[in-house]
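Two complexes are shown next, each including subunit A; its partner changes from subunit B in the first to subunit C in the second.
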Partner chain A sequence: MIKQVAPAVEVTALRRVFAGGKGLRKRGPEHVALDGVDLVVDAGEVHGLLGPNGAGKTTLCKILSTVLLPSGGMAKVLGHDVVTHTAQVRTSMGIVFGGERGLYGRLTARQNLKFWGALHGLHGKQLRTRVDALLDRVGLRDRADDRVEAFSRGMKQRVHLARGMVGDPALLLLDEPTTGMDPVAAKDFRALVGELRAERRTVLITTHDMVEAEQVCDRVSLIDSGRILATESPNALSEWITRFERVDALVPPELVSRLRTLPGVGSVSTSDDGRTRFETTEEGVAAQLVRSLVEAGVTTVTTSKPSLEEVYLHVFGGNGMAVRR
Partner chain B sequence: MHFIRVFQAGTLNAFADFAATYTVRTWTFAWLGRIIAQVVFFTLIGTLLGSPEQQRFLLVGAAVMAIVGEVLFACASSTWERRAGTLPLLVASPGSLLAVFAGRSIQWVPSSLATSSVCLLCVGPLFGVTWSVPSALLLVVVLFVTAATTYCFALVPGAAVLNAMDLRNIVANVIGALITAFCGAVVPVSFWPSWIGWAVNALPVTHGLRAVRELASGGFDVLPHLGYAVLTAAIWLVVAGWLLRRLAERGRRDGTIEFGD
Partner chain C sequence: MRTLLIGCWYQLLVLRRSPADLMALFVVPVNTTVFLAIMQHADRPDLAGHAVLAPGLMALWAISLVTCGELIDAERWGGTLEALVAVPARMLPLLTGRIVVVVTASLFAFVESYFVALVFFDVSISVPHLGVFVVSMLATGLAMACWAGVMASVFVLARSARIFQNALGFPFFVLGGVIVPVSYLPDWLRPLTNVVFLSWSSDLLRDALNPAPVQDFGFRLLVLLLLALAGGGLGAYLLSAVLRRVRSLGTLTYA
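The block that comes next holds the complex of A and B.
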């Protein structure tokens, strides 16, 4: 069990500006990747950074992992400044990428972990014990001496996670860890993240996968255009737009016309199968709608709350798949 | 101690890459065969000139240059870290970058030691370069020191091209050609202007080559040459460490070290 002092991550007014253009003459317009980010991640928390491509998630992770300097503001990891106390930050943090890169394909899983363990100052019996325990934990004991290049995507991601944990870090940065994984492998991976929470490790996970954020995070920060838009629990974010609750029912046309005029009813649409969807715009209106429908003899009624995905689409609405510049 | 352990860990990668590149058969018949052909080619120029002395001079020079050519592969193998996407993880780790990179390309040292030893000890006698048992044993030691110290030098361009990966082969070839031309491999250093003579003294291979020539001429006074080789290598190693730190610092400033890079 990891003991930490709170907060594990503390970011204040963090800015990162990249020079524009390429090559020696960087005279293009500057690109603001982070624009005054404030963020606190408590010890033992699994915190999600949710945002579209180009929102600033990876830039923030790079700064926290000491690979990038901020242009302004302050960032601390476990109380250590990421600019001036890099050695302390590096010993207390593990980084896990998503994807194929970041592993030595020609080494076995065991050799990969031994290599990174050595960098964290482990050696001898301690290193062997740690590596064996991690291989067990991520379910790769039987494949420990196979080359990583022969592994499936899901297995590689397990090696990534084990590599990130080899230094027994108090904080783990997971940068899009399930990118490209099949659903089963992604589910297994999330279960492993759940185990980290049980150990009171702090996890900062970047993702644009709403399901992932909902399933593994204690709190989620929505980030876009280099700014944190909100930090809430996944449930709290969903409650934001409770007023946008939906009611679906098989409703006679004359009743649809009457209910459409109720205050707080937004859009009303009827699908080809005759099912009508009422979108509410005020809290409590859904219950009123259901009562009206039941009183009118309509028995097939369903209500649904928005998923985090709908929150996401609502907050970032209209961006589609566009990547920020 | 941590540095040594990280260095040892880095050698895991080096030999894994080497094993993936060569089998015993391909190393022997492809790589070694190619180097022997190269050495014989240079030696035959001496034969063409009708001078046994120049024949021996060229054979020794070409055999030692085989070390240079091979350890300069460190330029390419250093960049493999970037290709593997491990560079940001290395920068963000508590280990020494120099220790990692020093271990990363170490495979070229034993390989080049073997190729140059075969060239000098097996091919050499065919062209009049003969060895007594003591000089043959000492030759292997001298070649090892030459390979190891030249490798320390090769880490410098290896570190330099990490930010210019496309140039890795050009840099290695240009440096190899300059060393072959100026360090006394094909013409004596005294052939060139004196300032070039001074400049090449900064390279470990110049001293290693002098030590090999000393042995080939029947002498045993190799220690001063090896001492200079080790001294210059230590300086180059410091430069390589500085360059790697600068790479990391520059990457932190300008964002050129990408996650997944």
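The block that comes next holds the complex of A and C.
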């Protein structure tokens, strides 16, 4: 069981600006990746960072893991400044960068973990025991002595996870950890995060997967253009955007026109199958809408609350495929 | 010390899985054959030692230039440099351990060239000054390891280190007196050759194969060791500076 003093992560007015252009002088326009980020992650919390590509999620993780220096502001991990006390930060933190790279393909999974474990100060029986336990934990025991280059993307991601945990960190930074995993492996991963929470480890996880964020995170921070837009529980965040229910029903066109004018009814859209969705903007309007529909003889009515995915699309939906500079 | 040993262990694993990293060792028999054929054609058996030492020194330099020079950059391309920086272990001893293994393996080139001479040319190289030879060889390996650290750090700054690696081969064979003793070179090159450790190494090793007494061995060895020390110090400084620079610029990875 890990004992931590709160907060595990403390970020204040953190800025990171990348110089633009090429060459040593880099005279191109600057790119602001983090623009005054404030964030607190409590000890033992599983915290999600949710945002589109280029939002600043990975930059924040890199600064917290000491591999990138901030341009301004302050960041502390378990009370240690990431710029001035890198040794203490590195001892207490594990990081999992997503993607195919970041492992030694020509070495086996076991050799990879032994190498990284040794760099965390483990040796001898302790190292062997830790590596075996982790291989078990991520379901790679039977492939432990196969070269990593022969692994699928999902299996590589499991090795990444094991590598992040090999130092027995109090804080684990997971940057897109389920990228490439199949649904079964992703489900196992969520169970693993649950175990980490039970061990009172702090987990900061960046993800695009809304289901994952809803299922594993205690709190979620929405980040875009280098700024934290909101930090809430997944449920609270859902209510934060479209605080109220929406109503779906098979409604005659003339009735749609009438209901559209009701106070508190926001957008109204009709899908190809004739189902109309009323988005409400005030509390209690959904109930009023249902009553009006039933009185008009409409019996196929459903109400629902937005998922975190819809919240995400609400906030970032305008971006499309664009990646911010 | 433990991190250095981890570096050694890791590099041994890598070399076992990737023998092409020591490609220059496969070329040593060819180079030895060329030099010995020239020696025989010129009817200069007194140059046999030169012909056998040159391919070894060339391989030592080439492997250090390419394999050691790419040690950090390869980590960056592989996406592992960030994770290496984020661990508690220090990079310098880890890199040193890896370099030590590569340089030690590359010393096998001298054994290769010796046996090529013996087997294919019936030329047996005797070592009249065995002590001088062994000490000079060890000092050469040390100096090579130290300067390999410099190259590993410097090449991180280059977007394409391969261009520099290709360019730095032959000039150092010349300035290092690897193929031709530096005493044969124009005088104006002396200031340059004097600061290239290979020039002291190659002269000492050649003298160790010559029956004549080795002149000023202590002084020449001291210079070689001082140049090694300078390389080691410069390498350590550059590694620290380069890592800080790439952490600052955000170029620890190419992703």
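Keep in mind that, in the parts below, the second predicted complex is superposed on the first by the 305 of 325 C-alpha atoms of A that agree within 3 Å, B and C clash if a C-alpha of one lies under 4 Å from a C-alpha of the other, contacts with A are read in each partner's own complex, and residues count from 1 in each chain.
Going forward, contacts are C-beta pairs under 8 Å (C-beta built on N, C-alpha and C of every residue); 3 or more make two chains touch, one makes a residue touch a chain.
Everything quoted here is computed from the prediction, not taken from an experiment.
When both complexes are superposed on subunit A, subunit B and subunit C occupy overlapping space and clash.
In the superposition on chain A, A:150 makes contact with neither subunit B nor subunit C.
With both structures placed on the common chain, the touch criterion links A:61 to subunit B but leaves subunit C unconnected. In the superposition on chain A, A:175 contacts subunit B only, with no contact to subunit C. Within subunit A, the residues touching subunit B in one complex and subunit C in the other are 16, 18-19, 59, 62, 65-69, 87, 90-91, 93, 95, 97, 99, 101-107, 111, 115-116, 118-121, 123, 163, 167. Those residues of subunit B lying in contact with subunit A across their complex are 2, 5-6, 8-10, 12-13, 16-17, 19-20, 84-86, 88-95, 100, 251-255, 257, 259-261.
On subunit C, the positions that touch subunit A within their shared complex are 2-3, 6, 9-10, 13-14, 17-18, 78-80, 82-89, 94, 244, 247-250, 252-253, 255.
Those residues of subunit A whose C-beta lies close enough to touch subunit B in the complex are 16, 18-19, 58-59, 61-62, 65-69, 87, 90-91, 93, 95, 97, 99-107, 111, 114-116, 118-121, 123, 163, 167, 175.
Within the complex formed with subunit C, the residues of subunit A that make contact are 16, 18-19, 59, 62, 65-69, 87, 90-91, 93, 95, 97, 99, 101-107, 111, 115-116, 118-121, 123, 147, 163, 167.
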